[in-house]
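Please find one structure pasted underneath; my questions will follow.
For reference, chains read A, B and C in written order, and residue numbers begin at 1 within each chain.
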């Protein structure tokens, strides 16, 4: 089947996918704060209220626990809600419904009920929004059995993954990022359904593996290009799915390259990288020529002042430096 | 007849103490009546009867601690009152004042329990076993897992390998070197991976070095350096070049060098001719910022810093470490740094940082007696200076023949980034600085 | 019909007493909250519900499960953690569930059921019209639950969006050991919906007929007018909060009052007085209940445990790649 590609933004890809799914299945509806009349606080749902009406695009009061739980109940009866929470930070208000209810109902009630729910929100900091508005806590959700957690890094992935999430019968946490909404990329036309639970080698290489996800992928690929100029061939793995985690793809890459650096936006201790590192340590032990390194955020409530914020957040320069350190520790240039 | 057992009264309870009998032997009991009080880990609970009838036997004394499920009483129709008590299951018991109820024999039990305790003393700790049974001193060896695996696969004795990784860690490169030193033909079964060879989908099958021995030539696998050099030089071929040559009168330069070295001798340092050349290039680049550039496909990048690459020949191949900010370093600093970089280049311990960021390079084959040559550009730099040997030449000065030391310098230029006039002006100034070398000091 | 109600109350009473005993015999683990003293409410509410309605309860759910039509043997098996339990041994006492009978749980988190119940009402409204044939949702909660955020957020949504739901507050005076007066600034709990323009009524929870009639009124409003409401049922908790709570915080008078108002003997006496039942009839009903419950225990005893090889079966409804499969200590990647 030949597909044409268009270059659109991540935001457009999400908007188009929501539209397509609303059209395809009348059980699909959107629910969240300011998604209708306001067209969405980040304009992801722009135009949808006008075209589909208030029954399919539901504006809610400020009540995350209430409307997330409502979406769960609706899903129990067979509807397919797509919940928008304004940012990851506010999902904490609803965490009991997400973790204790959505994630557990299918198992706890003897597989008699499904919860075909999508909860989407952007994580990330860097816009001087200060500590409570800048968090990357996706690892909390990645830790919970019964949830699926997806993190698309390009517009094409956003489209394919959101489609897959909506059609999946389990509760899916869909992690977006404020810094990704405006990025552009080629998106194939027609139905695209991603495979959940698989990572991808986005740039093949032979000398070192960088593992990243979501916004971090932009930096990782950029840095890999720089190193290409310097004669270093870096393989970049996009996790794509935080739960389930594709351990085999990660380990296969490191078995090939013998060096690994993880680039993550979340904080260092107990973060996503900790899991990747442990996985590599066990699954690719005999192939490591240097310890696995992580480049992650400093463990502080993120400050407002720009220089402090920049210092705390992991940057391309940090990644470059750690890659160099890893290469040097194996005397790569000899 | 029904047994009343110690009930499980909380999710954490494992045993309970029957603190007080509320019904005595012979009392009628209705379903739901409280027979006794039970002290658990959390609270004092009621022991309810699930049967009705008559309490025929109390099987434990007040104050007895009883595990869950053990019988504590018998409820029946009343006919079995006064018969022998059922034997009590082993338990720790504390004897208090016994009421009418038959007493379990706590005294004996306690003794035997104690006796058991004294008998089952811990064995003296076994002598500590050696933890790691590797070759002698191996627990002090630091090795990357990959190095360990390759050593195993290639039968390398790691105690003989010197680790060149951080803190003396043995890394893959060290094993690769040991394997190469052993000689390629001996390993038939193990997979030999030459250092730096591109690994394929499984972990690195290298080229089998013994393959061509029948034809009389030996295939030498490429190390990383040669591979990269080869690739870059091929790229360099694609660059449109032109060349400019100049002859430099180095009399004053040689004299100045001698004088400078006399001064530095006290500090145990010296500078070479090449150090002067590096400095001269840096100085000239400061005066010609449009030569300190790189071609960037659709634009020209003008570099703020002046980083001069210095070609160093090593056994492994050609390396070009970089003297950063050469324009602001003194001659002696440049000299010291070049010595250090060359040493590291030969040892193979150059860091990636030391190899990158160059904006112009210099290659000197004078020590090999080469008069002149053209060097290949080191992309993405825009120029490279090839320096030949200083030789005595016969010149005419004011009509009289004199011996003058001269040196040929040839500049290769990327025509996309620089045109002839710009390059020529630069080269003229380099010559000028070398011929009036005191300028270097200002 | 009243006879039938007594029969039901007797069955619930017998079942819950036996559950108490089974817990003491360590056949039931974890937590076990009993409907003792609540039987009239259980029978009355479930009598009002249509088959097509959805019921969400608290963790005090055994009686409701059985009265909603779930097999007492399967409920007991679930309490015993057996594979034949209503949710295959995966939920236990607090998580009784049956999709077909529209008993949608059984929830351990206090108030956790309220938003999903509200969501079920949302779905009913989304896909069907109001009218006497419409489905409705009934959400049970305890007196203590009226103070948790989820209660307030949900009631606001129900009031705002006109959802077909009845919130039934079972007020037995105690949230564990905390009385209503010590927990709620507004102890007249039926009034707590006024902030959301949701009307409430307070009703005696000890007569199943009274409960049924009040519930029918509320359900009709939900069904036909899409008008949410609160029904506060005044009830008693005969014993502790759960089987491990001896209830020592209650005064003698309080406990005595509860016993005196025990709805099961009260209803029995009332029916005998009215000549609907004789003593012998009542005894017979009680004996039948005991037999039924004994059957349930036998069934549960003889049922198998769920197999360990099924441990990962229930995690996801849709199959997915790379499902984590490790038992503790198993390797991270298959070699």
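Annotations for the structure displayed:
Quick note on the criterion: contacts are C-beta pairs under 8 Å (C-beta built on N, C-alpha and C of every residue); 3 or more make two chains touch, one makes a residue touch a chain.
Fair warning: this is a prediction, and the values are worked out from it, not measured in the lab.
Shared contact partners of chain B and chain C, listed by label: A. When the C-beta contacts at A-B and at A-C are tallied, the pair with the greater total is A-C.
Measuring from the average of all protein CA coordinates, the nearest chain centre is that of A.
Farthest chain from chain A (centres taken as the mean of C-alpha atoms): C.
Per-chain Cα centroids separate chain B from chain C by 58 Å. Note: centroid distance chain A to chain B, computed from Cα atoms, is 28 Å. Note: centroid distance chain A to chain C, computed from Cα atoms, is 39 Å. Looking at chain B, no residue sits in touch with two or more other chains. Residue ranges of chain C in contact with chain A, taken from their complex: 54, 85-88, 90-91, 95, 97-99, 104-107, 109, 112, 114-124, 126-127, 149-150, 153-154, 156-157, 160, 313-318, 320-324, 331-333. Chain B makes touch with chain C in their complex at residues 5, 7-11, 13, 42-46, 48, 50, 68-69.
On the chain A side of its complex with chain C, the touching residues are 29, 55, 60-61, 63, 65-79, 96-97, 100-101, 105-116, 145-146, 148, 168-170, 195-198, 241, 244-248, 251, 278-279, 282-283.
The part of chain B that touches chain A in the complex is made up of residues 144-149, 164-166, 169, 171-173, 195-196, 198-199, 201, 203, 223-225, 228, 231-232, 316, 319, 348-353, 355-356, 380. Partner chain B is touched in their complex by these residues of chain C: 21, 23-26, 29-31, 243-246, 248.
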